[in-house]
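Presented sequentially are two complexes of chain A, the first with chain B as partner and the second with chain C.
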Partner chain A sequence: MSNWVEACDAGDIDEEDVMRFDHGGRTFAVYRSPDDEYFATDGLCTHEKVHLADGLVMDDIIECPKHNGRFNYKTGAARGAPVCVDLRTYPVKVDAGKVLVRIGW
Partner chain B sequence: MTKGMVIIGAGECGGRAALALRELGYDGPVTLVGDEPHLPYERPPLSKDAMVADAPLLKAIASEAVLAERSIRHIHSLQAVAIDRAAHVVRLSDGSVPTYDKLLLATGSVPRKLPMPGLDGRCVYLRTFNDALAIRAHLSAGNRIAIIGGGFIGLELAAAARRLGAAVTVIEAQPRILMRGVPAEIAEIIHQAHEAEGVKILCGEGIAAIADNGAEVRIALAGGHDIVADLAVIGIGAIPVTGLAAEAGLIIDNGIAVDAELRTSDPDIFAAGDCCSFPLAIYGGRRVRLEAWRNAQEQGALAARNMLGAGEAHAAVPWFWSDQYGLTLQIAGLSDEGRSIVRRELGDGAFILFHLAEDGRLVAASGIGPGNAVARDVRLAEMLIAKQAKPAPEALGSQTVKLKSLLAA
Partner chain C sequence: MVDIGLRTGNTSSAAASRRDYSLIGRDAKLAVESGLAAAEWYHTDVPRKQMKELMQRSDGPAIRDTIIWLGAMILSGAGAAWFWGSWWCVPFFFVYGVLYGSSTDSRWHECGHGTAFRTQWMNDVVYQVACFMIMRNPVTWRWSHTRHHTDTIIVGRDPEISVMRPPDLLRVVLNFVGILDAWYAMSDMLRNAAGIISPAEGTFIPEQERPKAIRIARIWTAIYAATVALAVYTGSFLPLMLVGLPRLYGAWHHVMVGLLQHGGLAENVTDHRLNSRTVYMNPISRFIYWNMNYHVEHHMFPMVPYHALPRLHELIKHDLPAPTASILAGYREMIPAFLRQLRNEDYFIKRELPPTARPYREDFHNDNAAAAVAAE
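Moving on to the complex of A and B:
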């Protein structure tokens, strides 16, 4: 069973920005790309468990606020030192102005 | 015949350089030589989280398996004792003689020693994982810790010691803590945070004598009274490790002198990280030496590219951070290049000081606040500094103008 969870209103996130979203004891980061698409990943950097939502989004990259580890938030791919473990990504859809993230199955 | 790449120094810089050589597709021999018994590891946690943990964990940059898989030969617990530049050979302390096509010196820095004889046992320095383990054993409730030097290592350690319940006194010779590179306004916030946590900070205090009787350390202050402690940690700066380079006849200038491509005065020898001084183009070629984790990492990677012939100039903006209690400080750029300051409030007490040169160029940004409140804007400031942008001071100071919008301008 798919489990879509409401993260926020579509307008809560600026274009090319990110927001933290906590659910079920877990933390996620929800992104809005410069071309107005939404994405979601695990919320903590795979290097030292820092909240990525405090980081900077540039194009399709999220940069960790602590040590500048970079990930492609669309694919979760780690983009070089100090991060070497990819981020988990989650399906996202926008429905009636709400951003929904599929967290479980 | 390919002799290969030799890297002396297996810290952040050397470790990253070795990994980068393989990521760039280099398939000749790579030898990484370190004088510590450990895998290459990250040093920043040593004065922070690792110090608070019950058993400090070594945060390796690469596991043994990764080094093996990438055919990086890691030689540990050995010193490099000489370089024969003509023969392209390094001599190690066990007599072995690896040869190189290109050599990288990533020898780092060591703590500056207090110029007093006979200090050992209860007077210690923090640089290595083993240093951290030794200090950690003394940090417990009721123990008295004296920290000589109000710089980053000393203050981070003070915060860690307080979390573990030790009684902490910081002794700083200068009129305030963090004199080097940190604006007074920000140093004051850190000072207050320490005092609120019960750290005693003594500024403008010289040290007349230190006596270690084996059971405790007695520090006689020039001003007259004594501080008695179970352990004294000395954090009065670091000096670059240049002996090997100097003996090989390389030019030394506040560190191993390199050009913008990190090449020493010998075209087949590079130097990177804490041990080298290099010209920074964004500040008119000013020669600097940085003791910072990110610089070590970036220069390690850049040295690897240039050892393979990329010919790329170092262009990164200096950046560092410090964590103390719930506060994080981040500084991008060199604030002493600034002539005026604009302050921007970020909410929750967080703020950034923008340092502007006489011609309006943004040359540095110093931010402090809870958690990672300043990170994003300091990062954007760093990009503006790299572009040598001249943003309007009113825009920098206004909470309603997004810094990202200035970057596009």
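Moving on to the complex of A and C:
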């Protein structure tokens, strides 16, 4: 069953930035790209479980604040050492000014 | 950042010391069991908006600095070669050596973090060049440095503790001319070139990365062999004075500033304010060192590029110990601490936090520190 969860208001995240979102005992990262699209991934780096929401968004890259590991937040692909394992991504939609993340189905 | 030697061998120092710095030894296991490994570290609160500004990447400063760095290397190297055979070559080699054997320490470091340039291929190119000059396998040291940031000065976990307790001062002095570092680097290079990854290296280099480390070691071995062959063919030391030996005669500056990063400070604390040192330095040393004198700031926020560290320092200094006033002041603090550690290896320099600072864990700031000082 589809499970769209409200993460935040669309305006809560600056362009080219990221925000932490916790739900059901799990943590996620919600991104707003430079071209005003929204994306979501697991919230912790696959390398050492650091919150990606403290990192830096550059174009379509999220860089982990601890060891500078990089992921493409649109696809979840790991983009170089020290990250080797991809991030899980989640569908996102904006409805009535709210950012919704589909966490389970 | 690493300064003196990487512990990639298998030997344990536990027999001679109550501490076991081996990555596969007793204290390594204890650090994992006690939660010191991969722990949560203290961070000064910085508003997200300001941190985002500080983290912003730019190609401009690093391109400028790299042009100056490589341009000065070419000019000094050409001058050294031109005057080869006369005493006039000495000042040229002095400059060339520092640019080759010391500036590369910070270039390796910053480009390894991926923060020097905004454009990633620029970081990668300078990283590879600097790694060759400083004799650090770019794969091995990328992963060792990752561990250094995860477990900074945690005994048995951090592969980059430059001065272990009790301090081996002869080793420290010899490394000002890079002798031991170069010896270990060459040994590791030949071992890796033979396809061997040591058990200690295996603790921090993922399996899929190991072939890359071996491939790089083989390329480097070929370059050094060609340099030696050229020296033999021409009957001159000049090729070796330009490739390889500058890592020895030019190492002094990176060792001088690198020792200050953590020397004499606390081990096994999860607060960079207590185990790292920020030192004010002259602008030439800061150019060579790429602002890594702001070392507490760098460890606390490794995402901040070198050119933004002075701004970060101004923003958070209220929460940090007072910076050390100069390189000389750092040595006046550090050398007596090393000498005391020869008699009592539990001794360390206790960093005083300003009254406005937020303590992370009281026991790190008071009880343990008092116990160590009292043990003296």
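Of note:
One rule holds in what follows: the second predicted complex is superposed on the first by the 105 of 105 C-alpha atoms of A that agree within 3 Å, B and C clash if a C-alpha of one lies under 4 Å from a C-alpha of the other, contacts with A are read in each partner's own complex, and residues count from 1 in each chain.
Basically, a contact is a pair of C-beta atoms (placed from the backbone, for glycine too) under 8 Å apart; a residue touches a chain by one contact, two chains touch by 3 or more.
Small disclaimer: the values here were computed from a predicted structure and weren't measured.
After superposition onto chain A, the modelled positions of chain B and chain C overlap sterically.
Shared-chain residue A:V85: touches no atom of chain B or chain C.
In the superposition on chain A, A:R70 makes contact with chain C only, while chain B stays out of contact range.
Look at A:H51: by the touch rule set out above, it reaches chain B but stays clear of chain C. Chain A residues in contact with chain B (one complex) as well as with chain C (other complex) are 54-56, 63, 65-68, 81-82. Looking at the complex, you find that chain A touches chain B at residues 16, 50-51, 54-56, 63, 65-68, 81-82.
For chain C in complex with chain A, the touching residues are 38, 51-52, 55-57, 113-115, 118, 120, 142-143, 146, 149-150, 206, 208-209, 301-303. The touching residues of chain A, counted against chain C in their complex, run 17, 48, 54-56, 58, 63, 65-68, 70, 80-82, 84. Listed in rising order, the residues of chain B touching chain A in the complex are 16, 19-20, 42, 61, 293-294, 297, 301, 321, 328, 371-373, 375-376, 379-380, 404.
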